[in-house]
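Sharing a structure here in structure tokens format.
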Amino acid sequence: MDLRLDAVSHAYGGVEVLRDVTLEAPAGRITCLVGPSGCGKSTLLRLLGGLERPDAGRALMLGDPPAGSLNPLTYVFQHFALLPWRTVAGNIRLVLEDHPLSRAERDEIVADVLARTRLTDFAKAWPRQLSGGMRQRVAIARALAARPAVMLMDEPLSALDAQTRELLMDDLVALWGRERFTAVYVTHNLAEAVRLGHRIAVLSRRPGQVREIAEIDTPLEDRRPDDPALVAVQADLWRLLREEAADADRELTGA
Amino acid sequence: MTDATLDAAPAAPASARTGAPAAGAPRPVPFRGGGFQPSGRAWAGPLLFVLLIGIWEWGSASGWITPLTLPRPSAVAAVFGELWASGRLWEHLGPSLGRLAVGSALGLAAGIGVGLMIGLFSLARAGLAPLVAALFPVPKIALLPLFVIWFGIDEASKYALIAFGVFTPTVVATYGGVDNVDRSLIRMGQSFGLSWRSIVLKIVLPGAAPAILSGMRVSLAIAIILLVAAEMLGAEHGVGAFVLTAGSLYDLESLFCGVAILSALGLAVSFLIGRLERRLLDWRG
Amino acid sequence: ASKVTVGALRFTSHAASFVAYERGYFKEAGLDVDFRFFQAAQPMAVAIASRDADFGVTAISGGLISLAEKGAAKVIGGALQEEQGVDGQMILASVAAYDQGVTTPARLGGRNFGITTAGSSFHYMGSKIAAAEGIDDLKFKPLQKVGAVIGALKSSQIDAWSIVPHIGKALVGGGAVKHIGMVADYIPDYQVTTVFTSAQNAANEKAKTEAFLAAFARGAADFNAALVDRTEGDDGAEAMTRLIHKYVYADQPYEKASRSIVNGAMRINAGAALNMDSIGDQLSWFKSEGLVKDEVSMEMLVDDSYVDTL
Amino acid sequence: MTDATLDAAPAAPASARTGAPAAGAPRPVPFRGGGFQPSGRAWAGPLLFVLLIGIWEWGSASGWITPLTLPRPSAVAAVFGELWASGRLWEHLGPSLGRLAVGSALGLAAGIGVGLMIGLFSLARAGLAPLVAALFPVPKIALLPLFVIWFGIDEASKYALIAFGVFTPTVVATYGGVDNVDRSLIRMGQSFGLSWRSIVLKIVLPGAAPAILSGMRVSLAIAIILLVAAEMLGAEHGVGAFVLTAGSLYDLESLFCGVAILSALGLAVSFLIGRLERRLLDWRG
Amino acid sequence: MDLRLDAVSHAYGGVEVLRDVTLEAPAGRITCLVGPSGCGKSTLLRLLGGLERPDAGRALMLGDPPAGSLNPLTYVFQHFALLPWRTVAGNIRLVLEDHPLSRAERDEIVADVLARTRLTDFAKAWPRQLSGGMRQRVAIARALAARPAVMLMDEPLSALDAQTRELLMDDLVALWGRERFTAVYVTHNLAEAVRLGHRIAVLSRRPGQVREIAEIDTPLEDRRPDDPALVAVQADLWRLLREEAADADRELTGA
């Protein structure tokens, strides 16, 4: 299933956040979204997932979600959004409880996604006992449990420390290698975008507009941090963004 | 088994499979957000209020609310109008406001002082915190006879009673506030070699101020409640005395009028604290 | 037998009901009586208005008159009355005031007089005493509870008070306060307490009300004979005291309690007769002080169809 | 002027200049951390308590505390011993505990319900929140005569009074708790297509639970305070009635004994809430 | 002025955090400290600055701080540690108020550091109005106001988004170019360490021990992200840390 934004504009209380954005997220590929702070990346992702209604334009699903998908459009959030009062397994079970599944089916799905993310040993742990990286792995396991057609990931690594980020990036590459999931992946981090994205859409400052879409053909598995081609793409993108990032940084808010 | 990478997992029956060619027609993404942010509709509050009063007035007029059960709102309003016109309103409000002001000021000062000590010193915490906890559930009305002996039946006992009632919640709010001051700000102060006094005055106190102010909302509401108890003790004038007299004469109109005045006083105090908060805490934006 | 709830305070002044109950007069009158005990007269009046109790005995207060005005309560008989020759309510002064010269009620000018609440019987008594002595600057201090008034008097924070003899004598005996006069000298034939009931009972339950008053009057007669007129001898007095001790000062030893009980013996009107003049005087005082509405009439307050009037 | 980089600044007289060869002898880095974390010294609480009682006892014995001012602690203990031995303690505690339990349960249930409604629905918030704010400073003792008329003099009026007192702080704590539930958790629930009911039951309620429980500490202390007021209403037994009787007889020993029992009751309730918190909120670690 | 840790060990309530660490931070250079989560980097920095007393060993100052230094050992914290109830200028003035300076001197110092960090226009802003990057610039200005002999920086960039991090790294390089300050710089991020560090000390997992000290001779100003030599150093360091980082990530805490 593909996702498409069709000439979408959006404003919050008079402040225009997105202007006439048209964008496609093709199935089986990771579409990265980069842009300076406050340019509307998270808003765009909320529009894609139906958590927000666009002021103008439409968010469209093209094609049918795979059979058995419990929640076709599934988020992975920056700050994990785990319920602190549920264990790891309980957090995953949460998203199954409103579906007509037998207890055994639920347990099976939970066990399956825990195994696929190598979290089986942590099923009974509380979120507070886990490091940030492990928490995000739990959130990914929870997303997988809903058998999504598209994963909508809002800076999934930016709350993690640099070393954990590296580890999780490797995990995501490996996961994509096996499951070829579809994703829209928002990030500030150009290294991440260049490492994980098949397509990279660059947004301008607020109001966010698509400035450029880069395609990277190197297979995910073969991308090395020191690959000169990738380093060059990253440098290009940074040139595109640097001025805008600096402007966004200097902005006063809530004055 | 504990290798926490995702890659080597056996391929499971994942359904989010790749590249299925778009078959169905484009469908809009269904909306499922919004809600859980109650707000607005400022008209509903006054409306409900007017509606309630209206029903009540009508019930009293038509007789299914007997005057023994509830007074008629218009009669209550008439009592108020009479109090206002005759100037007796000020005769009662004046002393009450004075008692509230002095009593609360004493209680707040003592409470913030003790609360700070509990928040800053181990010895004070260990010694005083349990004592304050034990004092919290002591009903002040039960102690009225003692207050008479200790402080007499003039203003002193009224101040003392209100101050005592304000004291305990203020202590708890203050040391809770001090406990919640971001320790990293304190470490910052130490790392720049600030004196202990500077740290307390410039970091701990302002950091605890929001908690102290929101504690004041509760403790001043308690002060107003205690006004009635305080004016049990030989007060001739005062809103509390007015309410008590009305109660003992079973004069429901006056009783409700007095209670409404106290409630308005509570709302006024809460409004003033709101102003104070906006003033002192404008840095919160 | 019809069920009747009688509100009472644990005071000697309520003894008539206790006697009627203990000696079976209520049963004989076909009443199945249940006592409800109160801490103060005011809630008892309200409880009668709310039909939680049927009959009660208390002083006429502003609250009772208000309830009568709202059609909720009626005075139907008399109980305690001041009478020359029987130790009645006493006027007390604090030691400090006494030492400063307040040795008679005439010297109360500018002093503090303790009352429980505005419109209480203490307020009435103080006011009448001041009027009789031509004092116009006696200050009344409402202290809500008898205990608080006692505390304030003992510690000389108020200067004077008037109170029933069993409390007054105990205080004077302890040396903590001084006795400066008798209420009876200022308000002769003062109808201190009355029997009252809900307006509903008074109007529609004639038989029950009459039965109650008759039994109550028998109890009162026994009480007067044993402790006021002392015609039953020491044994009779002792038996009566023991009976009352079941209800009054029950948690004190008999020896201690009996003194208070005997001290508190004031006449309860024979046949629960009502002194209409005294009640009329009280009512007009409440009106003149603005404590009750001017519209209240004697008919609203009193149903005089049940007992003799004096 | 607004170019927020650090590089182009004119070289200022910075003193942290480079490469000064180490001249003085090695000196240890001075310690300047620590403090601002009062804790421990659990012995100080009981010690202070014992000390206070000791001084008080000695003061009473030696006569500089007159029995009119404060009763002697040992006499208070004796009263308690007698209450205990005679079984009258339970005669008073039993009814009081029953009233507390029923009244608080009613008040908590209604308060949590209304608080949830205010936290979830705009209309309820706009209509009910100001009403609750207006009810907060209403002194319950002033309404005693009305409670008798409305609920009679039996247990109902006592339950109602306590429930009323517990109600308002519970409402405020509950909707404050709901307001503070992390909205991102709610958005997560919506993004997984959870039903409204599931979101309220599995996300909003557990998220508000800590605030509700800590509100219970305050509201149950208020319930204990109101016990005395409630037992003004024609109660013969009960700790409140015991205290009131003692007060009206000016029996300071019994008065203090009763107050101490109420205070102990308060500490016990607070301890129980602590246990409940540890149980329900063990996920907080 | 140099700083030295001399055979320092430290434990918290029985948990050994640092074991026999000896380390020198030479004047005029930036010493980076990298290591997996929870290995004791922050503890080490607290020991260096006198906020914590070592259980064994000593933290030493070698030589005298420059004349006029108000606070020789000055921190820059990860979460900025600005007082939210003071404006930008007020936050800087805070650290001067306990010193015997005249009002004019204080105002002059504040104006000077604001100018040096290009914050003059923001002097009256509240912290809440500033982006993360600007807040950290204010914290750096505050540190400069105390005229430090050594700056102790605990992951100063890790609370910022990737783009702001890039911008601030450039700022720091430029600042060092002008002022040649001495710093001990703790980070998780190897790219940062390789970009800013003259010496890079690698700590092992808890209990932290010095595993390796790398020296990089390329002048800061000349370092480019795509410099193969630097990329190689970074890859070496990551090889050294990867296993330990993964272990640290999987640890349960507060169980």
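A, B, C, D and E label the chains in the order they appear, each numbered from 1.
Quick note on the criterion: a residue touches a chain if its C-beta (ideal position, glycine included) is under 8 Å from a C-beta of that chain, and two chains touch if they have at least 3 such contacts.
Just so you know, these numbers come straight off a predicted model, no measurement behind them.
> Give the chains in contact with both subunit C and subunit E, ordered by label.
The common neighbours are B, D.
> Name the chain whose C-alpha centroid is most distant from the C-alpha centroid of subunit A.
Most distant chain from subunit A: C.
> Going by the average position of its CA atoms, which chain sits the greatest distance from subunit E?
Relative to subunit E, the chain with the farthest C-alpha centre is C.
> Which two chains have the greatest number of C-beta pairs in contact?
By contact count, the leading interface is B-D.
> List the centre-to-centre spacing of subunit A and subunit D in whole Å, with centres computed as mean CA coordinates.
Centre separation, subunit A to subunit D: 44 Å.
> Could you grab the centroid distance between subunit A and subunit C? Build each centroid from C-alpha atoms only and quote it in angstrom.
83
> Where the CA atoms of subunit B average out and where those of subunit D average out, how many Å apart are those spots?
Computed value for the inter-centroid distance: 13 Å.
> Quick check: what residues of subunit B touch more than one other chain, meaning two or more?
2, 4-5, 32-33, 68, 144-145, 149, 187, 190-191, 193, 244, 250, 285
> Subunit E: which residues touch two or more other chains?
Answer for subunit E, listing residues that touch two or more other chains: 49, 51, 73, 128-129, 133-134, 167, 246, 249-250, 254.
> Give me the residues of subunit C that touch two or more other chains.
42, 46, 49, 63, 145, 147-148, 151, 155 - these are the residues of subunit C that touch more than one other chain.
> Show me, using the given definition of touch, all chain pairs that touch one another.
Once each pair is checked, the touching ones are A-B, A-D, A-E, B-C, B-D, B-E, C-D, D-E.
> Considering the complex alone, what residue numbers of subunit B touch subunit C?
On the subunit B side, the touching residues are 67-68, 144-145, 148-149, 152-154, 232-236, 241, 244-245, 248-251.
> Can you list the subunit A residues touching subunit D in their complex?
49, 51, 70-71, 73-75, 77, 79, 81, 83-86, 94-95, 97-98, 126-129, 146, 246, 249-250
> Would you tell me which residues of subunit B are touching subunit A in their complex?
Contact set of subunit B toward subunit A: 1-24, 26-34, 285.
> Please output the residues of subunit D touching subunit B within their complex, sorted ascending.
32-33, 35-45, 47-49, 68-69, 118-131, 133-146, 149-150, 169, 183, 186-187, 190-191, 193, 196, 199, 204, 218, 221, 224-229, 240, 243-244, 247-248, 250, 252, 255, 258-259, 262-267, 269-270
> If you look only at subunit C, which of its residues touch subunit D in the complex?
Those in contact with subunit D are residues 36-39, 42-44, 46-47, 49-50, 52-53, 63, 145-148, 150-151, 154-155.
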